Structures are given as C-alpha cells and as structure tokens.
Amino acid sequence: MAALPPPATPLLELQGIRKQFAGVTVLDDISLRLYPGEIHALMGQNGAGKSTLIKVLTGVLASNGGQMWLQGQPVAPATPLQAQRLGISTVYQEVNLCPNLSVAENMFAGRYPRRGAAQGLRIDWAEVHRRAEALLARIGLQIDVTRLLSSYPVAVQQMVAIARALGVQAKVLILDEPTSSLDEDEVQKLFEVLRRLRAEGLAIVFVTHFLNQVYAVSDRITVLRNGRHVGEWPVAELGPSALIAAMLGRTMAEQAAQQQPLPEEAAQRPPLLQTEGLGQAGQLQPIDLQVRPGEVLGLAGLLGAGRTETARLLFGLATPDRGVLRIDGQEVRFESPSDAIRHGLALCPEERKTDGIVAELSVRENIVLALQARRGLRRTLPAAQQAAMAEHYVRLMGIKTASIETPIGQLSGGNQQKAVIARWLATEPRLLILDEPTRGIDVAAKQEIMAQILQLARAGMAVVFISSELSEVVRVAHRIVVLRDRRQVGELPAGSTEAQVLDMIAAQAA
Amino acid sequence: MNDTTAPTSLGQRLGQHRLLWPAVTLLLLLAVNASFNPGFLHLEWREGHLYGSLVDILNRAAPLVLVSLGMTLVIATRGIDISVGAVVAIAAAVAAWMIGGQVSGGAPRLPMAVAIAGALAAALACGVWNGLLVARIGMQPIVATLILMVAGRGIAQLITDGQIITIYYAPYFFIGGGWLLGLPFSLFIVAAVLVLLHLALRRTALGLFIQAVGINPTAARVAGIRARRLVVGVYAFCGLCAGLAGLLISSNVKSADGNNAGQLLELDAILAVTLGGTALAGGRFSLAGSVLGALIIQTLTYAIYSLGVPPEINLVVKAAVVFVVMLLQSAEFRATVRSAIRRPAVQELRA
Amino acid sequence: ADKPLVLGFSQVGAESEWRTANTESIKSAAKDAGITLKFSDAQQKQENQIKAIRAFIAQKVDVIAFSPVVESGWETVLREAKAAKIPVVLTDRAVNAKDDSLYVTFIGSDFTEEGRKAGRWLVDKMKGNAGPINIVELQGTVGSAPAIDRKKGFEEIIAADPKFKIIRSQTGDFTRAKGKEVMEAFLKAEGKKINVLYAHNDDMAIGAIQAIEEAGMKPAQDITIISIDGVKGAFEAMIAGKLNVSVECSPLLGPQLMAIIKDIKAGKSVPKRIVTEEGIFPMEVAAKEFPKRKY
Amino acid sequence: MRLNPKHLPLAATVSLFVLLASVGALRYDGFFSAQVFLNLLIDNAFLVIVAVGMTFVILSGGIDLSVGSVIALTTMVSAALVEHHQWPPLAVIALVLAMGTAFGAFQGLLIERFRLQPFIVTLAGMFLARGLCYLISIDSISITEASYSAISQYRLPLGEEASLSVGALIAIAVVLLAVFIAHCTPFGRTVYAIGGNEHSAVLMGLPVRSTVVGVYTLSGFCSALAGVVFTFYMLSGYGLHAVGLELDAIAAVVIGGTLLTGGVGYVAGTLFGVLTLGVIQTLIAFDGTLSSWWTRIVIGALLFFFCLLQRFFTSRPPRR
C-alpha cells in the first residue's frame, strides 16, 4: 500500500503556518500535506508543537500566518465547529469531553438524531443510545452508555472521545495521542478501525510517542522539532533510529538493560509497605502486597484491572473497608493523602488534568506544591530555594518551558506530566507510587525518567510502578504483581517477559 | 488566546498590569468628583485631625475594605460568603449589648475589651460555622452561607430585642470614630489587617495553598494540602473581618441596628472583589484589587451624594458606572474598540 | 361557646424601632384582651403578606388585620377574604382599592399629615427670618409610602413661601448609618449654607446629628433639625439639645385595634377611618414628656 | 426498582418536601387541605417561573442577579402603560415580554462577547432595571383595568374547594416546557455541556456562544413572564416589588439539587425547591407565634436541616 505514489493533489494542505504565544514563536513556517487514504504520523518531542499545529488547523487557535487548503480550496476555520463542518474530525490531546454528561451524550452532542415533527426538535434518546453502543462496540468497548462519563476512568474516556470522532462523516480524522493510556488490545482494535477508514479514503493524522505504533499503522511521517518542520518521509524510508534522530536532532543512547532481581541483602530488609487483604467492596478484591526499600514493584493488568484503585487505596484517596495497611510494620489508616504523605508516601496520579496539574499556577509553584504541603503552612520554602528546586527539575526532566514562572497550563501535555512527576520526586518520598507516569512523554524523556526511577531505587527508595506499557513494567520492576478484574492473580519475578505477563492474565481468564 | 507581543518597556508592562484598569477607574471617579465639586480634594486641619471628603471616603470605605479582604480569600477558594452582612449585625449587636450603659454615660455592663473580644468571637464562630458547612458537610457555599444570612439577622435582633441599641460609652466610639495622628483610627485597623494578611500570604504558603485549592481542589488534595482545614480557616477569617467591620460600623454610628447594620454589604463586597479583577471562579486573587474595588464603590456612592444626584436615579448611575468599569477591564472590549477605531483609518489610507 | 377570638395579623417586618414597638403593642394588647394572635412577619415583602393572608384564610381565623407594605395590589386577596367572610382591618397604612367594602376599617396615621406638621412647625419657627432658608432633606427608602408622603406633605407647606429652598435631597434608607453618611457628604458639599435638616425619621436624624457634630458644628443651633416618629432616641437627643423637634407617629395601635375587633365581632358598626392621636414634640417639652414614652 | 444515582438529589428533594409538608399537616389544623398546597403554586407562581429561567443560567455555570428587578420593571411598565396610557393589555404583555427578553439578550451578549463575569453584568443589570422603575414613577401604580382584574381573580376550579390561578397554570406550563427543553432539545443539552466544561464544549464543536446568549435571553424572558404573572398577582406596578427575589430564586434552584458550578441539576428539582421554600413560609404562617426575629431564625434552621438531610441522602462514595 505504502508503495503507491500519493495522488497529485493533497486532501488537506498547510503551508507556512506560524503561531506565537505572547511573542514566543511555537510554530514557525510549518507545512503539512495529507492525502486521501493515508495515515500520517505527526512526530516530535514534547513541546515540539504538534498539538498547537492541530489546534491551529482545527480553528481552536488563530494562526499568525500561513495558509490552508482543503481539496484545493483555501479554507480558514475560525472555530472547531467550522472545522467540523468542513469535515475535519478531531480528538484533542487531553480528554476534552463533558464529565457531567452521559457517555452517549458525549458521543452525540451537537449532532443528535432527532425525531418528531418539523425536522425534529426532539432528541431521539433511544436512537442515541443504540448508536452509541454500536459505535463503541466497533472499538471493542462494552459499557453502560447512559452512565456519566465521569464514572469511567480516563482510558475509557479516551476511547469515548475516539468513538465520538469516528462517529461523524469526515474527510480528515485527527488523533492527538489517542493511545496514551490504552493497552495493547484496545490499541489493536483502534488500528483495525483506522485501517478500515483509510481504505474508505479518509486522511488520518496520528500523533503518538510510541514508535512501534507508528510503524504498525502509518504510511508517512512528518517530524517537527522546536516548532519547525524537519521533513516528511514515507514510513519505509525512515527507520526508528533515523526517526529519533530527526525528532531529537541527535542520536539517542541505547536503552537500559532489563532489571535484575533485587540484591540478596535488599530482599532481606523488612517491607516498607505491606497490605494484608486490603480492599474495598465493589472496587478491589482483597490484595496482599509488599514493597521493600530499594525495590520497584510493578503492577500489570489490562484496562480496568484495578491498578489505579490499588494506588488510590494505598495513598488514602479511597478508603479501604477491609484488610490492613502497614508501614514499617505499623498498622496505619489514611484518612487523606496528607496522612499518607506524612508517612513518606507519594502518588503521581493517572489523570494529570484533573488530579495532577493546578493549571493557572506556575511551573515552580506546581513543582514545590507537594513538598510545601508536607512542610505545612508556616515552614515556607524560601523563594530562592523554590526557584533553585524548580530550575533543577526543569533541567533534570528536560521540561520545555519559557520560564519557571510560566503557568503550567501553557505547557505541552508531556511537559505537564514531567512537572507533575517532578513534584513528587521533590518530596523525596520513601515510597513513590507512579500511576502511568510516562503517559504522553516522548521517547527520550521516557528513558530519562526510567533511569531516574532506577537510580532512586538504588538509593533506597521503594517504588510502585503502574503502566499500560508492559515493556516498561518488565524493564524496571524487580517483581510484577498481576491484576485482573480487580483481583490479584499472581506474581512474576524480575526478568519476566511481556509474553509471560500476558499469559498469566490470559490463564486466569480460562 | 493572547496574541500580543511580549511586554518589553516599563510602559507596556504597566499597561498589562491587572490593577491598571481598576486604578484608572478610581482616578476617573475622583476626577469627576473634583471637577463638579471644587472643595472635593481640599483637606484641612480641623480640631486636631484632617478634615475633608477624601478622609470621609477612606473612613466610610473601611468596613467595606475589611469585608472585601475576607471575601477575596473566600472567593479565591471557589466559595462565596453572603452572610457577611448578617455577621456584621451580630457582631455589632453583641458588642452593643455587652457595653450596654445609660444615657449618662457611666460604666459599661462589661469591660470594653470583653465586649470587643465577645463580638469578634461571635463573628469568628459564625465564620467557622460557615466553613464547617462548606468543608465538612459539603454544602454549596451559597446555600451554606444563605442559612446564616437569613438566621443571622434574626439572631442579631434577638440580641438587641428588635431595638436599636444606642451606645453611650464614649471610649468605644474611638474604634470607628476616633482619630490617631490626624487620621481616622479605622484606617489603622484596616492597614493592620492588610499588612498582617499580606505578611501571612507572603511569609507562609497560605497564598499558594488557597490558590491551589481554588483552581483545582482535587489536585490540591492529592498533593497533600489539607483543603478542608484551609477552607474552614478562610471562612473563619472572613467572619472575623465582618466582625471587625461590625465593630467599626457600630462604633461609628454609636448604635447597633440588628436589622439594618451591614444591609447589602455582601453584594458590595463581592462587587468590590470582582471589580478588583478577582474571578468568582476561584484561584488567582488580588488583595490590592479588592481594596481598589471597595474604594471605587465608596467613591461612587460619595459622588452620588455630593453631586446632588436625585435619589430616584441613584441606581441608574450606579449601573452605568459598573457597566463602564467592567467594559474597561475587558481585554476583548478594548480590542473591539481599538479595531473599530483603526478600521476607518485603514479605509482612509486605501481610499 | 366562648372560644377565644383568633386574629391573624400580618406585620410588615421588624425594620425599625418604630415597627417593633408597633408589634409589641399589638401582641400585648391581644394578650390583655384575651384574643389569640396569629402573628406573621413579612420581612418587608408584599408577596409574603399575601401568602400570610392566604394562610390565615385557610386556617379560618376570625379576623385578619395587617399593615400593608404598600397601598396597591390588595384587591385579589382581599376579595378572597371577603368570600370567606373574614373581616379585614388595616392598620398603619391604607390600601387603595376601588371597592371599599373589602375592608372594615383602617386605623392609623397619616404620613402626609405628618409631613405637613413638620412643615408647619418650620414655617412657624422661621417666621422672623427673612431667608433664604436652605433645607437639606434625608428621605426614607426610595419608593416607600412614608418617604413619598412625608416629602409631599412637607413640600406642600413650605411651597407657600419662596424663602424655603430644598437644596439637597437624598435617600438615607431610614437608617442611622446612611443618614450619617449622606449628611457627611452634604456638609462637605454645602458647608455652612445648610440651615435646616428635615429627616423622614428619627434614626436618620440621629445619624445626621453625629455627622454635624463631627464637622464641628452644633446640631439644633447651627442647623435646625426636624424629624418624624418620636422614638426614644429622638427624645434623648432633644433632651441633650441636639434635635429641635420630632413629629409623633404613634405605633401604639394595639389596644385600639383589639377594641375595634371586639366591636366588629359583636356586630357593632365601626367607622371606616380611625385616625390615631398624634402630637408634635419640640425639644422644650421633651424632658417633661420623656418619662411617659413607652417606646 | 433501582434508582439511577443521577436522580438521587431530585428524589431527596422531593422526599424532604413531602416530609416537611407532613410535619405541617400533623401539627396544624387546616394545613392538610388541597387549597393550602395549591396556594403554594398560586403564591409562588412567579418564583417558579424565574427559578426555571435561573436553572438554565446556573446549569450553564452562570448566574443572573437581575431577575427580581426585571420583574419590578415589568410590573411598572405594564401598570404605567395600562393605567396612564390606556394601552390594550395584550399589546402591553407582548411589549414587556419582548423588553425582558431583549434585556436578557443584552446581558448575555455582554457576557459572551466581552468575556465579562456574569455576576457583575447581571448585578449592574439589577441596578439598571430597578433604577428604570424609579424613572417611571417612585410611587406604586394600581391597575384597575378590567381584563387585568378579571385575569387576576380568575380561578380554575379543581374539585370541591380547590382552585388554581392563571399564574399558577402558566407556571406549570413553563415547568413542563422547560423540562422538555432541558432534556430533549440540543439547546438544553448544550447548556449542560457548557456547565460541565465550557472549553470542552467549544472543542466538541457545540454552539457555545449562541447558547450562552440564549441562556440569558431565556432567563430574561422568564423574568418578564414572571413579571406579567406578578402583575396579575399584585395588580400593581411598583419599583420595590420583588426585592431580593433573585436570592430566593437562586436558593430554590440550589435547594432543588442543581450545582452552582454548573452542569448538574434538574428543572423539576427547581420546582420542588420553590415549593420547599413556600412550605417553610406556610409552616411559619400557620404557626403564628414567632416574633419577627424568631421567624428568621426558624427559616434559617429549617433551611439548614433541609440541606443537611439532602447532603446526607445524596452523599455518595467518591468517584468510581
């Protein structure tokens, strides 16, 4: 397929797109060509300008220059509504739906099937629900569509957003990191749908930080770096290392080796955190965990396996109604996260938009927030120390920001995530729980963060590591606890493979 | 989205300062007053203190400024407190009842310090009550404080037995009517609260926590901020401010009126906070903005009195000024005006 | 068969001392007369009064009495009372209904007359003065009946002589705090030009007196002060020589009301309009009168 | 039958209303009668109508403080035109409805076009509308016009001793229509979406701008309609009519289970919010022993217990 030469006229063409925020140029002379019947990967590091380009192209942001043609006609959508009317359907990076509406409504808002007299004033709810279920079934999700969107975890919300975009008759489909918290199964189902749409002649833009996904579905790749256009290649002509080089502007060192079992003397230490039958009715079956200082415990499972729920119970965000939680052998009960934090715990939450960032506060304030909360109101961190700390983490994690006083809401998604991780590293916890920490983070930064975690573990910190990316889990974990259907189903040692984990999950299904 | 170029010169930075437009409004109002009323800016030394319209405005604005400060913090945490007027009445009633006394003057029923402490304690208790309803029980701030707004005036009238209690004990008059270094003593109280609050926000993490809770309560909780305590504290502070305002008002008019003291003060306070540029959605706030907002309101009121505006059109004038102020503050409006001015000019060039 | 009479009384509110004295008078008089009182406070809202009257009708009380918040807008509900055969007595303020069979009688003061009394007193006092006499006026709440009528009555009298001039008139909402605040502004704007202050109630006058004193002037001497109501505070001010005169507006309607109710129930005919006895108290008689005051 | 958790606040409000009413019926003679309950509707018809308009505003995440003043202005304009200028009633009603709608639309445009805070815009609107009343007349104007009086006194008989007024019928119609708009039309659903997350609603391609203007326009219309009903109720125009009504309306909406932050709530809840406030007042009127200040304290206390129980019933385990 990819061998076919592209048709002469692009379906959508952008030229010389420019975008500035308060004088800072974030897009500079960007061009992009989309042909009918292709999946086009838009690649770049965190903060390269991918999401901004998408927002300009769909009328969310006004551009500061450049032109756009759709099927040869110049167009300039000024609002997302206009873009939709032109046949551009978009899934934006963060889940941008309304939590207070039902799943079905979120999928059909703005284009409800109507019924009744005179072109239909009245929404046909039965039809809405039927179509919503059908659409979700296409990407393999069977849920109650009349329930509120907010009652589902972010991964489900992400799939609902995708389903919404698939539900319209579009010419162009844009997906900005749609797979960032989906697991392998869901991703495969999504790809099947994308391939079908490609066959129908849609042009699809696909943004991701997972290189394997790029090579699995896309036909051509456009790479951005620092708001500039680096180049456009057919996928066959740009191998992974060349792609990384194009994105970073340099080559990347080899990935760290697989995690080794915990050294004998470390394994002998008494557990820092221990649960005995900890659970919550309807949310999580009783679960037994132990984490030792210096140990990285991986939690693996599919969507809805109960990993997030486990983390919330450990951190006092949810209240267990059975079982015991011990820290240093002492039984504890956490009423709120601040109790957990005082015992040296930290949780980097899964949903950065709702549970993580405080959008209007600066990067500095976001980074020092948890540490300051632990120190209390009065023992304020001096301004100089705050700045130094923020600068340190901005450098360490490679956070791309104009300054440490920039509101964090203005950072790109991946950079926000890095700042939230930095917030928890700054508390120097004894036990760090990371729930999908690498969500939306680019390849280079991912490596940096994994290295950081390993180094901290070597220095004696205990880590609970949760990720939908099995490859990450098997790489960093000393032990992997496998969950399924909100139940603990087994444990695997360091050095296990992804296949072994999947086998364990599947075995239980039988 | 903000597409302007980066501020470079001092002038540009000043132009983008968020207090610019409130300050401009205040100056405009003062200018209007001064042009219609030549004696307006005149200050003289009379009986050992400054005398003049400006002093009056500051003195009258003192209770409103205090309440606005408390309200600012409440609003910053995404809350609202519509009970402040009632709390003013309660504090005034408690103080007046405790001081009691006779026409002849003479000794108060309880020592003045006790009366003041009692009034402030009552106000603080009101604030804590509001805070607990909001933070513990989880009621919506507007209904939680509506309860006290309705019941509070009843409580105040219960204390005063429905009468206006006149206070005859002269030392008490100093709080809201006395002079220190030639200036009204109330200004010193306001200044003290302002300085303390400023220090508390600067020297401790209070400001950071309040904003974090106001912008994203869930994230703040996950980050380990004890949001509930903070919210209770903020409402308590707001109650305390209202209590102080109650002392000022009752001392200034030498009486406590359970029904009318602080009537509609909640609206004025919220208006002051919003005029000062703080959004009701919570988060970023500005104390100086609220002070400016309160001064704008009081200057406007004063202008209405001193310009001889007929009482029937007081409200229309007030509405007009509020419309103008908020339009001035809106970047979108200024952009519209600018482009409306520019467009004809461009057309002329083309012609 | 001697079940006590039940009276449903809907009060305007408790917005002033005058009003509380009025309520007190009615409550104690009902008790003395052995009448069961159903009391309802309308918090200054006409809607609430109408609701209360409907509730009284539903409870089948023997007599309904109320002090209307405003004069207009009572036809419908009074018709309902009439249909339920419950006699209605108005106190303190009248209603303007075309059909005057809707109520039995009206007991109360005449706000316009109070304004006139204040005006007459001033004309009398300023007889020897060639003028011009500059008056500032502190009005009650904009739109309220006493504010409108007291202004009207006062203006009616002083209009006869061009030497009287109202140079400033602003609302003080019937409260001390506002009265003081407005007077402060008047003093700054007009200074020594002000000869007379006319306040629509005592509370505003008391507030204004403080403002005058704080401006370094002598109330009742530098500025002649007239107010209405005759509450205790006003007498204290007069005794202290700070207020020239207060026109009485008596709130003590209770005993009269109870007597009328008994008459109505006994089937006696009652006059349509009963005016309460009201005096005018200049500062000279204040000390003598003060011990007799009940409110 | 299992209750959808979405409907829990609504169910709580309704049951608490029933509870309060039962308390009244048990304690006071004559309380348990059809007319007492119909009076709740008759006496609060205008409040129901404004509160319905307010519900949409609050659902969209805004607030409208101008409603009480718009009612006053409507009564004033109606009375002045009918009494002083002898306009035909139908023309007057059409005019005031158009006027209120335009007033709402004006506020909505300011809010939407210049990104102003609804609170100040409508607060200024509140000052303006009331100020305009005084420009017409500071005194109250009685309406003696025949058809107004006839409508005011008309009662639709329901059985033996019970009847409903025209205003109450209009209020019921408004509630039914509003329930339909809120739940079965794209406009209504867009209002919920905006309240849930305005930014998302924009990105979803919903007509946010026109809906925001529409919401305030609707509220302006409802206020004017409530004003018309109020004119029937009072047969007079007065600048001090409906003072503080905005707070009652907001309280009714919030008590009805709608979140002030927007996006969550029901029109039907608002109806019960109004009825609850009404029943509290009726209870106090029937009691008849409370002094002015105890009246306030008791209203406050009843509100407190109501909201407390409501919270108690509706508090759910946290998300998920």
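As written, the chains take the letters A, B, C and D, and residue 1 is the first residue of each chain.
Note that a contact is a pair of C-beta atoms (placed from the backbone, for glycine too) under 8 Å apart; a residue touches a chain by one contact, two chains touch by 3 or more.
Each chain and its UniProt protein: A = Sugar ABC transporter ATP-binding protein; B = ABC transporter permease; D = Sugar ABC transporter permease YjfF.
Predicted model only: the values in this text are computed from it and were never measured.
Of the two chain pairs considered here, B-D and A-D, the higher C-beta contact count falls to B-D. The distance from the centre of chain B (ABC transporter permease) to the centre of chain D, with each centre set as the mean of the Cα atoms, comes to 29 Å. With centres taken as mean Cα positions, chain C sits 71 Å from chain A. For the pair chain A and chain D, the distance between mean C-alpha positions equals 44 Å. Here the spacing of chain B (ABC transporter permease) and chain C, counted between their Cα centres, is 33 Å. In chain C, the residues that touch at least two other chains are 13-14, 20, 23, 142. Among all residues of chain A, none touch two or more other chains.
Chain D has residues 134, 138, 291-293, 295-296 in contact with two or more other chains. Touching chain pairs in this entry, ordered by label, are A-B, A-D, B-C, B-D, C-D.
Those residues of chain C lying in contact with chain B (ABC transporter permease) across their complex are 13-17, 20, 23, 139, 142, 168-171, 173-177, 180-182, 184-186, 188-189, 191, 203, 206-207, 210, 214-216, 233, 236. Listed in rising order, the residues of chain A touching chain D in the complex are 60, 79-81, 83-84, 90, 92, 96-101, 105-106, 109-110, 112, 114, 121-123, 125, 146, 148, 150-151, 153, 164, 283, 309, 318.
Of all the residues in chain A, the ones that touch chain B (ABC transporter permease) in their complex are 20-24, 61-62, 64, 315, 317, 336-338, 340-341, 347, 349, 354-361, 365, 368-370, 372-378, 380-381, 423. Listing the residues of chain B (ABC transporter permease) that touch chain A in their complex gives 1-6, 203-206, 208-209, 211-212, 215-216, 218-226, 283-284. Across the complex, chain D meets chain C through its residues 28-31, 33, 35-36, 39, 42-43, 133-134, 138-142, 144, 149, 152-153, 233-236, 238-244, 278, 281-282, 284-286, 288-293, 295-296.
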